[in-house]
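Each of the next two complexes has chain A plus one other chain: chain B in the first, chain C in the second.
Let's look at the complex of A and B:
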């Protein structure tokens, strides 16, 4: 649940999501759920000419299982806090 | 609603039929379904009403399932009706900007095949 909480702190931020089929989408993180499914608003496809399929989409839902990477602005991440939280969670044996 | 799916099993019978009738279509295609979202559950299984299928390829224009039941040389028009799609096949669900979508000339769109989702 740690990364669910972590992504919740990023709501409203600009992120880029790379899918497991190499398609990448950018947009504003609207919401995230426990499966790390994400909802994006103001979606733009990276390399839109190559992927005209997604051209008419403004808002979208991405299934967590097809996400390879989520790129986040480094200014919005406190890596020390995240490391501490990771240690705490693993110490609890979860 | 628009639903993007990678090239996978459960729709093959339909696509085999299309391939027989309209031979020179690449097998590596992306399948799109467009319809009204009637329902879903926590695994993102979807129920789509008035569903249309779009097949993108490099060699010809978009093949789109339409309500009319007639077809031209470029656009295959098949109405799928009510469709239930299993969640694990789903990659992206997007809200379609219908004005922008309608302004596109589908018969001119060429798209490189998308890679399948590899887990």
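Let's look at the complex of A and C:
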């Protein structure tokens, strides 16, 4: 639940999602759920010339399991808060 | 109690706020400061350097050409299922 809560704080922010098939998408985080599925709006495909079939995508849902990385604007992350939350969750015997 | 190492994940907890090395699937390696993790090894790393290694075989000589490319990322969430190993920083104590 830690990262679910974390991504909820990033709703409305610009993120870049890199998938396991090397496709990279940037967009505004619209919503996230417990599986870390994400919905993006204002989607732009990175390296669009390589993936012409994805050029028309404006909004999309991405299944959490196909995500490799998500790049986050570091200005929007309180790293101390994140570390404290992480220590708390590990203390709960998870 | 919170500093004892009883299970493998405790070792990772001790690496919080330290630079760690993460080996990932697809010949990818990450070095960065560990800000957070969970039981799936989902992680958030800061000031990350990603190294991707690709091996190409030369068509004529069958020589293996190893290429590495690096990039830097300020803040990165890594999904746990691509993680192969996590290595904490070298400790002197």
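Basically, the second predicted complex is superposed on the first by the 94 of 94 C-alpha atoms of A that agree within 3 Å, B and C clash if a C-alpha of one lies under 4 Å from a C-alpha of the other, contacts with A are read in each partner's own complex, and residues count from 1 in each chain.
Note that in this section contacts are C-beta pairs under 8 Å (C-beta built on N, C-alpha and C of every residue); 3 or more make two chains touch, one makes a residue touch a chain.
Predicted, not measured: the structure shown is a model, and the values here were computed from it.
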item	value
Fit or clash between chain C and chain B when superposed on chain A	fit
First, second, both or neither for A:20, with chain B first and chain C second	both
Chain B versus chain C as contact partner of A:57, first or second or both or neither	first
Partner chain in contact with A:65 - chain B first, chain C second, else both or neither	both
Contacts of A:6 with chain B and chain C, given as first, second, both or neither	second
Which of chain B and chain C A:83 touches, first, second, both or neither	second
Nearest Cα pair across chain B and chain C, whole Å	6
Residues of chain A that lie at the interface with chain B and also at the interface with chain C	20, 65
List of chain A residues in touch with chain C within their complex	2-3, 6-7, 20, 36, 64-65, 67-74, 77, 79, 82-83, 85-87, 89-91, 94
For the chain A and chain B complex, residues of the former touching the latter	19-23, 25, 37, 43, 50-63, 65-66
Contact set on chain C toward chain A in their complex	2, 9-10, 13, 16-17, 24, 26, 35-39, 42, 44, 46, 73-79, 81-82
Chain B residues within the chain A interface of the complex	2, 4, 6, 30, 32, 44, 54, 56, 87-88, 90-98, 100-101, 104, 109, 111-112, 114-119
